[in-house]
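So the structure is just underneath, and the comments pick up after that.
We call the chains A, B, C and D, going by the order they appear; numbering starts again at 1 in every chain.
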Amino acid sequence: MALQVSGKTIETDEEGYLADRNQWSMEAAAAIAVSEGINITESHWEVVNFLREYYEEYQIAPAVRVLTKAIGKKLGPDKGNSKYLYELFPYGPAKQACKIAGLPKPTGCV
Amino acid sequence: MLHIVNKSPFERNSLESCLKHAVKGSAILLIEDGIYAALKGTQATARVQAAMQDYTVYVLQADVDARGMKGRVLEGVKPVDYAGFVDLATNHNAVQSWL
Amino acid sequence: MKFGILINEGPYTHQASDTAFQFVKAALAKGHQIQRVFFYNDGVNNATKLTDPPQDDRNIVNRWSELAKEHKLDLVVCVAAALRRGIREDNLAAGFRISGLGQLIETGIQADRLVTFGD
Amino acid sequence: MSEEMSESGVVKKFMYVNRKAPYGTIYALESLEVVLIAAAFDQDVSLAFIDDGVYQVAKGQDTKSIGVKNFSSTYRALDDYDINKLYVQKESMEARGLTDKDFLVPVEIKTAAELSALMEQQDVLLSF
């Protein structure tokens, strides 16, 4: 599969994760969001940016429980709950938010 | 606890590390290349004999036989077959493999 | 007693899988239960049906498949470790299934003893 | 990242015994991957670093030139996962010329004797 971003083609795997994480950009994120049926808003960006920072710092995408807690700490308790995160990313913050953030596919090991 | 060592004492420090961390009265089972620690007349013999004051040392006979070391096993080291290995794991509350 | 088995090395290079196999057979013969056999690290290579050893050697993969069939063993291959090493549904031998690492933790919780075979 | 999963109320003591150095073999990384998953099961988790395992949490790892992902930063995330019992074995540390200042995460330094007492209390030991 591939995405069209600002006139360039970006390869993804069959599930829509970026083939090369270095090709991530805000435009690419928006394009992935569209393919996920998500109309990306400021609230989505908050989570996506948080994930990218977390990955940069710790080299992993946090587990949902950890993400929820950390978001709560950073953005307030009204956002630090799974209901809020699932409203933003109906197919699960693990899968969708990571995909939009250009992080590697979670190995889904549980 | 049952401690399992599967490395030759001449190649790795697994047995040494096991002996440092096993509390008195523990069982130590030597399997695979670990059986080379259970033999008479080697540079490891004295160390294992000393350890036998504090631990019960077992050896997996199948691995001794496979390696042609039958008849060289130190006195006091108890031979077990796979069924005996299962019993050892059953009779101790946890099993730690020193890989 | 319920045993959980963890195998961390592939077939042939290390004896781990052979020893684990003999242990599991002996445990079953004594009437114990095997809660699960979990394959991790290079242990996932025990699960490829592409394995084809010389005819005068044991077939480690088939041996597990047959034992699993006979005793309804749950042979679980870690998905993350498997994908890293090119083990997937298409080349998975009979009797094995691919699942998550959570299955290993579950084995630790549910089995009375967890015995690890590796290098 | 994994979706949540809850287990029946059983809480066992799990100790991860790490005795191998990072990068030379995959054991350190794949052990850490187990630990991260284990956190979702609400068990009593501790990590012991023994022998060359102490090198796993040594400061200053820089893997750029070997072309391998530097997963040492991930140990710093363990606290977020409520995993904070990290034990470094004292004799192993000293034998390698390291001190308690050389680690990239807060660790407790334990002698072999102290660590063996802790090991005795475990229900499940996973060694990589």
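Everything below uses one rule, namely that a residue touches a chain if its C-beta (ideal position, glycine included) is under 8 Å from a C-beta of that chain, and two chains touch if they have at least 3 such contacts.
Note that the structure is a prediction, hence the values are computed from the model and not measured.
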Work out the mean Cα position per chain and let me know which chain is farthest from chain C. A
B-D or C-D: which has the larger count of contacting C-beta pairs? C-D
Centre-to-centre distance between chain B and chain A (centres being mean Cα positions), rounded to whole Å: 51
So what's the Cα centroid distance for chain B and chain D, whole Å? 26
Expressed in whole Å, how far the mean CA point of chain B lies from that of chain C is 24
Quick check: what residues of chain B touch more than one other chain, meaning two or more? 94-95, 97, 99
By residue number and range, which residues of chain C touch two or more other chains? 8, 80, 100-102, 114, 116, 118
Among the residues of chain D, which are close enough to touch at least two other chains? 2, 5, 33, 37, 40, 123-125, 127-128
Complex contact set, residues of chain D against chain B: 17, 19, 50-51, 91, 112, 115-117, 119-120, 122-125, 127-128
Going by the contact rule at the top, pick out the chain A residues touching chain D in the complex. 54, 57-67, 69-70, 82, 92-94, 98, 103, 106-110
So, in the complex, the side of chain D touching chain C is made of residues 2, 5, 7, 10, 12, 14, 26-27, 30, 33-34, 37-38, 40-41, 43, 123-128
Touching residues (chain side chain C, partner chain D) in the complex: 6, 8, 40-41, 80-81, 100-102, 104-106, 108-109, 114, 116, 118
Complex interface listing, chain B residues touching chain C: 4, 6, 31-32, 60, 62, 81-83, 85-87, 89-90, 94-95, 97, 99
